[in-house]
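Below are the structure tokens for one structure; questions will follow.
Here the chain labels run A, B, C and D in written order, and each chain numbers its own residues starting at 1.
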Amino acid sequence: MTMGAQGTPVTSSELLSVVASRELVARRTVFAGIGLPTLATELAQLTVAPEIEVVYESGVCGAHPSHLPETIADSVLITGAEAVISMPTLFGCVLQGGHIDVGFLGAAQIDRWGNLNTSVIGEWDSPAVRLPGSGGGVEVMANAREVFVVMRRHTPHSFTDPLDFCTAPGPDRALAEGIRPLGAGVTRVITELGVLAREGVGHELRLVAVQPGVTVGQVRAATGWDLQVADAVTTVEPRPPRSCACCARTSTPAASIFAEP
Amino acid sequence: MDRTDRPHRTGRTGGTDKVMTMKAAVAAFVHDGDTVCLEGFTHLIPTAAGHEIIRQGRRDLTVVRMTADIVVDQMLAAGCVSRLVSSFVGNSSAGSLGNLRRRIESSDPEPLAFEEYSHYGMVCRYLAGSQRLPFHPLRSYGGSDLPRVNSDLRKVTSPYPGPDGEPEQIYVVPPVNPDVTIIHAQRADRGGNTQMWGLTGVQAEAVYAARKAIVVVEELVDDEVVRSDPNRTLVPAHAVHAVVVCPRGAHPSFAQGYYDRDNAFYRAWSAISQDPDRIQAWLDEWVRGTADHAEYVAKLGEEYWAGLAVGEALSEPVDYGRRL
Amino acid sequence: MDRTDRPHRTGRTGGTDKVMTMKAAVAAFVHDGDTVCLEGFTHLIPTAAGHEIIRQGRRDLTVVRMTADIVVDQMLAAGCVSRLVSSFVGNSSAGSLGNLRRRIESSDPEPLAFEEYSHYGMVCRYLAGSQRLPFHPLRSYGGSDLPRVNSDLRKVTSPYPGPDGEPEQIYVVPPVNPDVTIIHAQRADRGGNTQMWGLTGVQAEAVYAARKAIVVVEELVDDEVVRSDPNRTLVPAHAVHAVVVCPRGAHPSFAQGYYDRDNAFYRAWSAISQDPDRIQAWLDEWVRGTADHAEYVAKLGEEYWAGLAVGEALSEPVDYGRRL
Amino acid sequence: MTMGAQGTPVTSSELLSVVASRELVARRTVFAGIGLPTLATELAQLTVAPEIEVVYESGVCGAHPSHLPETIADSVLITGAEAVISMPTLFGCVLQGGHIDVGFLGAAQIDRWGNLNTSVIGEWDSPAVRLPGSGGGVEVMANAREVFVVMRRHTPHSFTDPLDFCTAPGPDRALAEGIRPLGAGVTRVITELGVLAREGVGHELRLVAVQPGVTVGQVRAATGWDLQVADAVTTVEPRPPRSCACCARTSTPAASIFAEP
């Protein structure tokens, strides 16, 4: 746990969101799913990327919330929004139609190509852990121009190859089956240890930045495959800039927003 | 059956009075072994209908629902469900579902057949079902393991050349045609013309896909209210078989403009559902121990509901015009 | 190009000001040889946009429109169109279209390539186009001669068994992805969030299917008006490239709540379009002879418009609620 | 031209509409396309079949018009309606979804099986007459439980076998191609000479009623194939019952409503 600008404790969730939000600079439309991605996109819009348009997985476009939303379906996202669209329009026309620049996903497992597992740990028929499943993850991966992944825990169990199950495949797996997805798949993975990046089809994830105080060796040791490392690995800016200012714009205390479920 | 058990003709032009009690509607349209769709994407979740299904002790249901959340976990705990078709099984972002996980991970107390789709896969199943199509194509699943464990995810070859001039394959999903779809909405008239606002999800398609449809509403309104804004009617009367008036029937989810989401309950459920004994006690007290949803609402108490109250934010009217 | 020719950033949160003149929008987004979709099913027909295309002398357009009616007949007469994709070619129920018939029946003054679909075939082409699908299935065309004359009507075999257990075949249509779609609506904000009511047809899908979209509106409204009723926004800003303010731009069709259909003009057109000279004279006077739609409106005169005026019939507001 | 109840002239359109509207008794949902079918369904709702629900091809359900509508898209059908739905919902969910009992169609040509031509007279590539085309006719024929056809002119050119072009095929043609439509196809044809009926798949149209003063022989002579005749041919009730009453309910004179375009 690090400390925020005003001395408040910064949880891992907040740190991940802040780093993720920075990556959104210069992107245009973002698709925000359930959980951490919502926080990251909200933060981005309120801080480093005010021009991005966030489309929520609930169907809200152009939200102007009176309070910082707790979920993608929070009623404050709907009241005063520019548009609320149905699921067929959202997934069919907006996402599959190719209007999304960046999709945000979480996962229990990720492999070196950015394929994601959100279904089961263990065997499908008798899983050790039943995870929430695809949600819109399969669609985000297939249709967003690029995908950012936020992983809460960077361990060899979550960064593993092969996956126990591939729920949302990146373009390499899709192409191997003869199906051509629209986007590049995962291009950023943000964890509590650092940031991995991937160029697109045919490329593996590479370590490009570490969190303050974390070494390249630590990240490689926490990764379940032989992780590639960029020539110049940078260090993530430690202080979450303006995140507290953004929370101050609303009446919701940061602590409640960033609480782990 | 009392009079409210079946729709009866009235003098209303072109319409049938379909208002029934929840008890009568579930008795009439939900049977053991049925495929029951409950839709509402985080908003307007038909919880009260799920509770009545529990009260009436339905068994062996196939439940179809994009986001299987608290109400599904409760129906699982009550032993109503033998098969689940869904694209997201979790307690929203508040945690996981204890009963669901025990059923799938440990067959405790009995196995649960589970068919996993993606969100858009579910949407396309409703689209196919509502339009009487043999399948609906979608640009998902290429390279996924889901088709390996779900043999209903299949491929067809497009009869048009792909962007590279070569034949193009695409995944398709089959239609879903529930025996009954149940949705919750803000308001309807007695004939079933149903108006919703805020998040509207896939409810209209889920209704059209079903053989029968029950619409549960916060308010029954005069025909004139509905008819002042016909574009707001997302489900026309011809697709509806029962209208159930059940204020606060979407709790702990929300009804835009009526009451807010009960986030504390979502968090509490994650704890309750970890413990099979606690959840049975909860069901005994709040579902099996209440005669109907009105009693559940009263038991929570007005102070509780005051905490979920919302202020007013009215839409600006639009002008439909009239011939002079 | 003047400043209104291209969208420019403003301080508006998350939005771009896309307001342009009709002249600038057509100049920017409609080019010779383009595929241009004009949608609006009998209501909100983008006539003024069609007239501006005529004024700017576009050539060799492929026009895509379910109901090819007066505005299409006019564009044909002006020589703008070499190909038409449609499911109904007629002057509503008021008669037939002279130019269109001469072009198809006698190649007079030049041939017109014509692709015939059914209404739902057109709808499915927009659905496929808007969803980036390689095709969309529909239960039409079995036994029809249309597939014999339109090789884009093809069949696929469903990968699921039919009702009789045997393989099932179904017709499909290919996507349509116009270079530009033009629609008319009651109101929008400066960013392009577009609200429509009354008959809404297939406009949203036609916009999403297109590479660029122009929305012509009766009224530009403050952001707060749109945001008071987000469910009324059928076309969100992210799908729109230009907003053109053009009151009465749907004449002779109607704009629900703004002005009524000009039935006399529909009947008159059936006579005008029988005579090639009369139609050129009409175009010279009313289209080529007017600088823009405002001049066309003024030329008709206030008395004329008074005959199309409608009274008020306001929708009852709904409550979106606000957090307390 | 015959005379109406109150001595007003009854045009052929009115007569056809009145006869057609009577056939709607005991049907539940009717799909009304452009032109004559609109008049027939409006009349039926206002007279002999007040309980039927009319769904207009424009997307209006449960209309309560203040004036008798001139078209399926008349603004008076929208104001005060119970629902207005989009084209995808109308054609996809309502019509193809199987919610329509009776669809109403017109045509330039009809054959003995109830197949319809609304596309061209003559050859497709160089037609003598370019007709309006399918509209929703292909869909109505494929998806309504049964179809009523109103033909303005009963002549050997319009009642012809084979058709110059088959736009909207009945189930016999569809089944021959291996495609199974939902409904029975055309079950009633109403003309200025009489009423033809058809049982469903495998059956031809049969003359079941003649207009007053018309003989069976005249109808057979006006039909381009050897028309089957029912054992008991009835005569159509001559007076348009209550049609003027229905017009009196609105402020539109009957004459303007029933005028030929």
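Basically, a contact is a pair of C-beta atoms (placed from the backbone, for glycine too) under 8 Å apart; a residue touches a chain by one contact, two chains touch by 3 or more.
Model, not experiment: these values are computed from the prediction.
Looking at chain pairs C-D and A-C, which one is connected by more C-beta pairs in contact?
Result: the pair with more contacts is C-D.
Report, in whole Å, the distance between the mean C-alpha point of chain C and the mean C-alpha point of chain D.
28
Please work out the Cα centroid separation of chain B and chain D, and write it as a whole number of Å.
One centre to the other, that is 39 Å.
What is the distance in Å between the mean C-alpha positions of chain A and chain D?
Going by mean C-alpha positions, chain A sits 57 Å from chain D.
Which residues of chain A are in contact with two or more other chains?
60, 75, 78-80, 84, 92, 96, 143, 182
Can you pull out the residues of chain B that are in contact with at least two other chains?
127, 132-133, 138-139, 162, 170, 197-198, 200, 204-205, 228, 231, 256, 260, 310, 313, 320-323
Based on which chains touch which, is the overall arrangement a line, ring, star, complete graph, or other?
Per interface graph, the chains form some other shape.
What are the touching chain pairs in this one?
The list of touching pairs comes to A-B, A-C, B-C, B-D, C-D.
For chain C, which residues are in contact with chain A within the complex?
Those in contact with chain A are residues 9, 13-15, 127, 130-133, 189, 191, 193, 204-205, 208, 223, 226-228, 230-231, 233, 236-239, 320-323.
What does chain D use to touch chain B in their complex?
Going through chain D, the ones touching chain B are 29, 45, 50-55, 60-62, 64, 66-67, 75-76, 78-85, 89, 92-94, 96-99, 143, 182.
In their complex, what parts of chain B are in touch with chain C?
Result: residues 132-139, 152, 154-160, 162, 168, 170, 172, 174, 186, 195, 197-198, 200, 225, 228-229, 231-232, 256-258, 260, 309-324 of chain B touch chain C.
Which residues of chain D touch chain C in the complex?
Against chain C, the touching part of chain D is residues 34-35, 38, 57-60, 70-75, 78-80, 84, 86-88, 91-92, 95-96, 115, 119, 124, 126-130, 132-139, 142-143, 165-182, 261.
Within the complex, which stretch of chain B touches chain A?
41-43, 66-67, 86-90, 92-96, 100-101, 104-105, 116-121, 123, 127, 138-146, 149, 162-163, 169-171, 197-202, 204-205, 254, 256, 260-261, 263, 267, 270, 310, 313
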